[in-house]
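In the two complexes that follow, chain A is the common piece, with chain B as its partner first and chain C second.
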Partner chain A sequence: MPQSYPREHIEDLVDDNLDWNQLRDMMSDYKDADRFQTVRSVLQERVDWDDPIIIPYADHLYVVARSEDEWIIKCECGHEFCEHDQNWKADALINVRDTEEEYLEIYPENMHPHPEFMELREFFCPGCQTLLEVTNVMPGYPLIHEFEPDIETFYNEWIDEPIPAPEQSA
Partner chain B sequence: MRREKQKVHRKQERSDGIGWDGQTLREQFETLEEQTERTDHYAGLEELELKKEEPIKYEQMFSQLRGDLVNARETSKEVAATPIVEQEGELCYGLFTPEGDSIAVSTGIIVHIHTMSEAIKYMINHDYEESPGIEPGDIFVNNDVDVGDVHACDIMTLIPIFNDGEIVAWAGGVNHVIDTGAVGPGSMNVSQSSRFGDGAYYTARKIGEDLELFNSWQNDYPDKTRTPDFLKLDERTRMTGCLMIRDAVNEMIDEYGVETFKQLSREAVEDGRRGFRNRIEKTMLPGTYRGASFVDALYEGQDNLTRTYADENHIMHAPSELHVREDGSFQVSFEGANKWGWHPYNCTPAAIQGGIWVMLTQTVIPNANVNDGAYYSCDFHLPEGSWANTQNTETAHAYAWHFLVSAWAPLWQHLSRGYYARGFWEEINAGNANTSNWLQGGGIDQFGKLHAVNSFESACEGVGARYVADGEPHAAAIWNPEGDMGDAEVWEMTEPLPFLGRAVKPNTGGAGRRAGGAGFESLRTVKDVSRWLLYEMGNGYMTSDGGLFGGYPAASGYILNAQDTDLEERFENGEEYPQHDLDPESGEFESKIDGEITRRPEGISTPKQFDDYDLYLNYLRGGSGLGDPMERAPEDVLSDIHDGYVLPRHAKQAYAVVVEKVDDGPKHNSAVQGEWELDREATRELREQRREQRVENAQPVTEWMEDERDRILNERDLIDDVKKTYESSMRMSRQFAEFYREFWDLPAEFGFDLSEKAETSLENRFATGLKRKWNNPTEGHETWWNVGRDDEPAVPYTWSADRSITDLSGPSASFGEATPKRATDDD
Partner chain C sequence: MASSEQDPTDHSAEILSIDAGGTMTDTFLIDRDGKFTVGKAKTTPDDESRGFLNSSQDALEDWRLDVEDGFPDLVSTVYSGTAMLNRLVERESEVDVGILITGGMEDTLRMGRGRQSYTGFSYSDRLHVNTHRHPEPLIPRDQIRGVRERVDVKGNELVPIYESDVRESVDELLDRGVDHIAVMFLHAYQNAEHEQRARAIAEERIAERDADTTVMLSSEYYPTLKELPRLNTLAAEAFAAEPSRKQLTNVQEAVDQNGGDVGVRVMASHGGTVDIHANELARTLVSGPIGGMIGANYFGNELGYENLVCTDIGGTSFDMGIIIDNDWDINYNPEMARLLLSLPMVNMESVGAGTGSYVRVNPTFDKIELGPESAGDQVGVSAVETDVETVTVTDCHVALGWIDPENFLGGDMPIDRNVAEAEIREQVAEPLGMGVYEAAQGVVDILENKLRNDLESVVTGEGYAPSNFKCVSYGGGGPVHTAGYTSGLGFDEVLIPEWAAAFSAFGCGAADFEYRYDQTTNIDIDADVSRAEAASTAGEQLTEIWTRLEEKVRDEFTNSNVGREEIEFQYNILGQYQGQLNALDIESPVSRADSPETLEELLDTFEDAYRRQYSEEARSPELGHTVTQASVRGVHDVVKPEIPTETPVGPDPPESAYKQPRESYWDGEWLDTDILDLHALQPGNELTGPAVLEGAATTFVLPPGYETRLDEHRVHHLSQTD
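== the complex of A and B ==
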């Protein structure tokens, strides 16, 4: 029952260097209490910018502190999207896959959604062109704001740690 | 048994109930609910005294119960004759408190742990103690969805366990039966429009005393199914397991004493509740998680519908919102879900709660006490009158899973987003598979008997991609974590449908940095039958399981049959015949068979006649992908081709990986002939080009939104089925309507213009109103009760742009106010 893993082990998790047996053990075992801070710290070392990471938000995306009271969603490549409680997708690039021809690039014939019933919305980072999210929705559906983290409650009530701010990151 | 009954009768003579300390069971249940509400702890247990004082004994007793339940399942499933139970293990057992909360569970289709809980509570709240009586040796059966079940084919047996004149527990078992006596053959017919075509419903009925089945029951149910012999053995299976559990409980009471057993049963549930909340606080982030899923149910133009007004298409709309609150409470809302329909995919709260319970216990608390403690940790808002909570005893539910499995797809992603933010990346999973196709049918079989089939190859599907690894191919279905595809030879013993081939199906898992697990397919023919029907059931025009973090959704389904074929001549002449349809575009299937071939992109068909040597493709779906496919290692894409997971043309199109065929030699698998090599330099160049193309082809979301607003305002390129779905959700939910209009900046009175047929359909269904089954709901039902009012649902809804969870005053839930003290346990 590990209270925590060695930092090197978490670095290997972040860098995709663990083999299946190690990952399987991590799944079966009890959860380490300091995981969040270790992962956050490892990720902070991996990015090329200095803004302190508040939380990893999604693959390639972070909520970072630009100042003590300004938290934004930022891509690993450095592109800055929006305030942390806004939907980053509104500032992304979009391609909508809604024709038979476009569907056939990904799926064989008859194995894809009907374009009149469902479209695939592909959201790209304007900075690095990475495909950050694909949503499958009915035509006409609003943008989905998937995640609104309650950062204050998390830091203040759940882990009892100060929320990272620029002056603390030095 | 007789002595035990005499004790109960003596209590009754004193006007005492069968509950503890002379209470009636209903009084005992009401007390429990009151204590739970008042203290925020199950049964008022603020301290886990047994666990604290004698932790080893506590763990020993719980583990022993768990072992006894698993033993009951493993032993009793050998009694059954259907591969559904014997091969797939579609059977589970639970041990329940007298009030109906599960204490411990077996393995298997554990969705039913909570549905059995609802059935017991129904009996308590509807005064079964008075009539028909609850006494030692009684046997009860239920498969009524409005009481507590997912669909009619899951039949449950419940027996009370008594000690010294008091009820101390219930043993319950469920299995999936092969035929329910519905309007069409099979356990989940699809052509009916209302409950009256679902098959025989048995509403929490007493069917025996003194552990003997009533003569009236034994003369009743066998004629309500096409497969009476199988159902008789299924019933003996469930009875065997329940009696093994009863004996195990009696032995435990003999060893530890009844008071210790009672204490354990209470503490185990509270322990499970705390374990769940504690795990949420340890692995998730507080906040709001949102998603939406859809699935199609296409009935326009289908044959054999039981009502002409059912001749229309349906789309399920499942807006999914999860609140993880400051106190670790877990609230799920489906506000905005659209109206139920004249199809058999409607759900009851027991189905939704049971289904989500399985998912949560398997993913969130695999190490904790798995029981109804998890149920007590969650609140559900299921809009009344929607497909998720019809509250209408006219609606059909035969395959509620079609909507249920599709609707919970976003929940995987909610959890995964939380795990990502907390750094528990090994737990992240993109989603699940749509657990279809369902091969079903029946008629006169190879033994000349009336028979029905329900192939549970669907217990084996691809699983969604993990963050740290590809999804498991052809693995299991979410409703049965132990499921698999079963042996072909065993299926052939009970189904007159010989296998021509069985193989991994390419491109079924969603593309991504981590690929979704692939599904598989079986090509079946028909042999030695008469007046035989078959039909398909699954998603077709929509994919219900989305990708995560840039991964693509899993592929959707299609139908492929061939009738009036030349297969017999091909066998006689030793000629080639189809074994697969691995690449639907290849023309290979059509090149190897002559006949009337049906190939269409829908997923559902109503029963149609099949004769000897006709062909039927059973295609089991894959899981969704995770991450940008262009980040997948090119070597892995090459392996995908050789392993039969990806067709070579899609290496370039979906993954921007350039491969070349270098020889025709080895046949690595059924899908790919030959050896392929990776061109690394060309791949690098192609991936650079593809990134540039992405920018060229894409547009800023702000621009796109202006175009979309214009499209919606002018109802341009929006089909009637889509508009009907929006209208249905807007009429169901003031909150969703306001959100939709606000998001697109539409006029306050905006609504879609519908065809006369669509408008009539909506009006008819809304006018049908509510026809409730429960006259006396439990306190725990309050989160979904009274929904549809104009005021705020019990679980709040925050989709509107200017509202977030942080604006809400505090947890508003049936479980009371915020927990004063943080839950703790050993986890």
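== the complex of A and C ==
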């Protein structure tokens, strides 16, 4: 059991470049003690902005620290959505597919849900137009709030490390 | 090399049992008196017979013999190699295999079955869905061709075979240069006509093109239900087993050239050995741990023990099996190399815990965990010549003073007790804030608790009471833990043969020369028809299948020049009440069931077995019966190893058996412990723990509160004193 993997190995993990056996060995083994921090620092290196990443939130999305007590959800491209405990989808560009025609643009015939029962909502980043999330719900259903991270508990009680904060400007 | 005695004179090597592993070829040689010696040599994959000869020579040297002197005395030679299994595991073979399959089923191998995505995984990974993945199929998709045809589950032809499909497919496969064409059509076990027609056409094409390709039919090799295991097994036969035939022939030639007058046989999964010319070689793939079961059964037969629980601890695994009335259960769908196969295999449970299991502290929960990985034959960190870095269970034995560092494997493996203690301190004791010996004892306790739980679930989980069984313990690591893992389970007796380390090899030597054929059937014996009518319909049908299987068994024996009159046949069925799901494996008292009397006898046997397995109240003969499988076993008598019989001397061990006593750690305290030479004890000797009995390849640990008696067959009877 490695206490930690070489940084290159974690980079390959983030980039999905490990072969299956390596990946499976990692999953079956005890978790390396510094995995989270290494992944966080690899991700930090990949983005063009300086706000420290607190946690990866979803594909392309991060919770970052704008100041010591202001945590926001931010896209890879730099677009800032909202406070970390709010639903970023409310600020996203949304495309709704709720007609036969719109469904057929992406589904084979007879393979899609009935538009009166289910609509497809596609959420895009207003900054870079990346498709961030898709939900399939009944028409009229409220926006699903997937995840409200409990950052204090995670940092203080689970990994016992300080919550990242921007360096104080001199 | 290790040998079971000091005086190497006057031996006649009777039984030779060889295990050619990936790196080393191990030899066990047993003489007329049950004395054994072991040999080792590097495996030579290009021509396995060289490794075989070197390893045999190494073993014979202990008895001051050459192969030319030793081989002529041999009466039984059983060979098992891992080359076949390696082809399966690595999915690499010297041969190319093409498949003809019912049209529409071409992706059978790729789709596999849910279970195949996690077979062979550790328990924690089986629960951890992210780790599941379908294994790579044996045969790539582009070597599989569909043929339009269809036979239904009752064997009726629904769609005739499209002969042009066969021709085209065969041509395409021949263009790719395949060495074997395996044909598997749906429900061919009920009606093999389409497969046979496909072979006829394929062979025509092969002849016309003057190709050197053979055709194999699923209905001839494995006429059993379930197309995935059937196809896996047929593919394994062509892909992994056939290429080994040449190697086995080389081994046979090596025996012949050195004056041996004995046919080399191979251990097969059904619990017997088969000739190297056997049609179905694939079943020799999965013979691994069953040698011990066969040995235990033979031993039970000879000494009058009918019900046995067999336990085998080696470096990597703990294998358990049950023998009732001197017979074992058969598992018809064993798993190997992450493939479900359709082969009869002696049923055993295996857990990944052995003396070589790694000991680690789980950093999340601060508790000791064992395995599932292990150092295997590399022993542990205290074996200074190996490169093991993680503490193993054996290291803990060394630290506790249970194993003599000077005498491990007869002194062949240098062991450093200081290294063991230092590594246990660093890797286990300190992270947990415990003392070294406390931690080492903890590790042993955890292992023994785990083994005890597993053993209990195998026995009581099947509905059996341990008090009806004798537990036999063997394997190199078995006797160290026997007292621990049997404590409190309430077995009738606990038996440890002195030759525990060589018990599996002994078992291979004790295996019958046996062929076995199975066929799935669908024969209903309705409750509302007269016995006479049932006998002339269902009984007739069963008899016909038995006769056909008998023929196949006879043909196999003909390959080895064994005549009909030298074969003892046994007839089995899987039977169930109509509409029920679970079938019982029944040894039939009759070889034919086409008369009302014989059919009645067969059904009575089923009723008895059902009563024994479930209860009188659960019997439901009013539902009628179904025979779901028919089997025929043919056994040809071969020479078996002798079980030693000596005259009891008395309860006190001879002075010469005592070695230098040593302090050992037992449950929190250091006690002066008698150390004895396991092989110098005399029949009738009785000992009380704490004591350590050291043998050539195993150590028998007798903790405080236990006593043991050596009987006239050199078997220890272990019991608790309080």
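Definition applied: the second predicted complex is superposed on the first by the 167 of 170 C-alpha atoms of A that agree within 3 Å, B and C clash if a C-alpha of one lies under 4 Å from a C-alpha of the other, contacts with A are read in each partner's own complex, and residues count from 1 in each chain.
Here, contacts are C-beta pairs under 8 Å (C-beta built on N, C-alpha and C of every residue); 3 or more make two chains touch, one makes a residue touch a chain.
Keep in mind it's a predicted model, so treat the numbers as computed, not measured.
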Simultaneous placement of chain C and chain B on chain A, clash or fit: clash
First (chain B), second (chain C), both or neither touched by A:Phe36: first
Partner chain in contact with A:Met27 - chain B first, chain C second, else both or neither: both
Contacts of A:Val47 with chain B and chain C, given as first, second, both or neither: neither
First (chain B), second (chain C), both or neither touched by A:Cys82: neither
Chain A residues touched by each partner, larger count belonging to chain B or chain C: B
Contacts of A:Met111 with chain B and chain C, given as first, second, both or neither: first
First (chain B), second (chain C), both or neither touched by A:Ile163: neither
Among 207-215, 351-359, 585-593 or 693-701 on chain B, the segment whose C-alpha atoms clash with chain C after superposition: 207-215
Contact residues of chain A, present in both the chain B and the chain C interface: 20, 27-28, 30-31, 33
Chain B contact footprint on chain A (complex, rising order): 10, 13-14, 16, 18, 20, 23, 26-28, 30-31, 33, 35-36, 38-40, 55-60, 85, 89-96, 104-114, 116-118, 120, 122-124, 126, 129-150, 152-154, 157-158
Residue ranges of chain B touching chain A (in the complex, touch as defined): 279, 281-283, 285-292, 294, 296, 315, 317, 324, 326, 366-367, 413, 417, 420-427, 467-469, 506-508, 511, 540-543, 546-553, 555-558, 583-585, 599-601, 626-631, 647, 650, 653-654, 691-692, 694-695, 697-702, 704-705, 708, 711-712, 717-719, 721-722, 725-726, 739-740, 743-744, 798-799, 804-806, 827
Complex interface listing, chain A residues touching chain C: 1, 20, 24, 27-28, 30-31, 33
Chain C residues within the chain A interface of the complex: 122, 124-125, 128, 130-131, 133, 360, 362-364
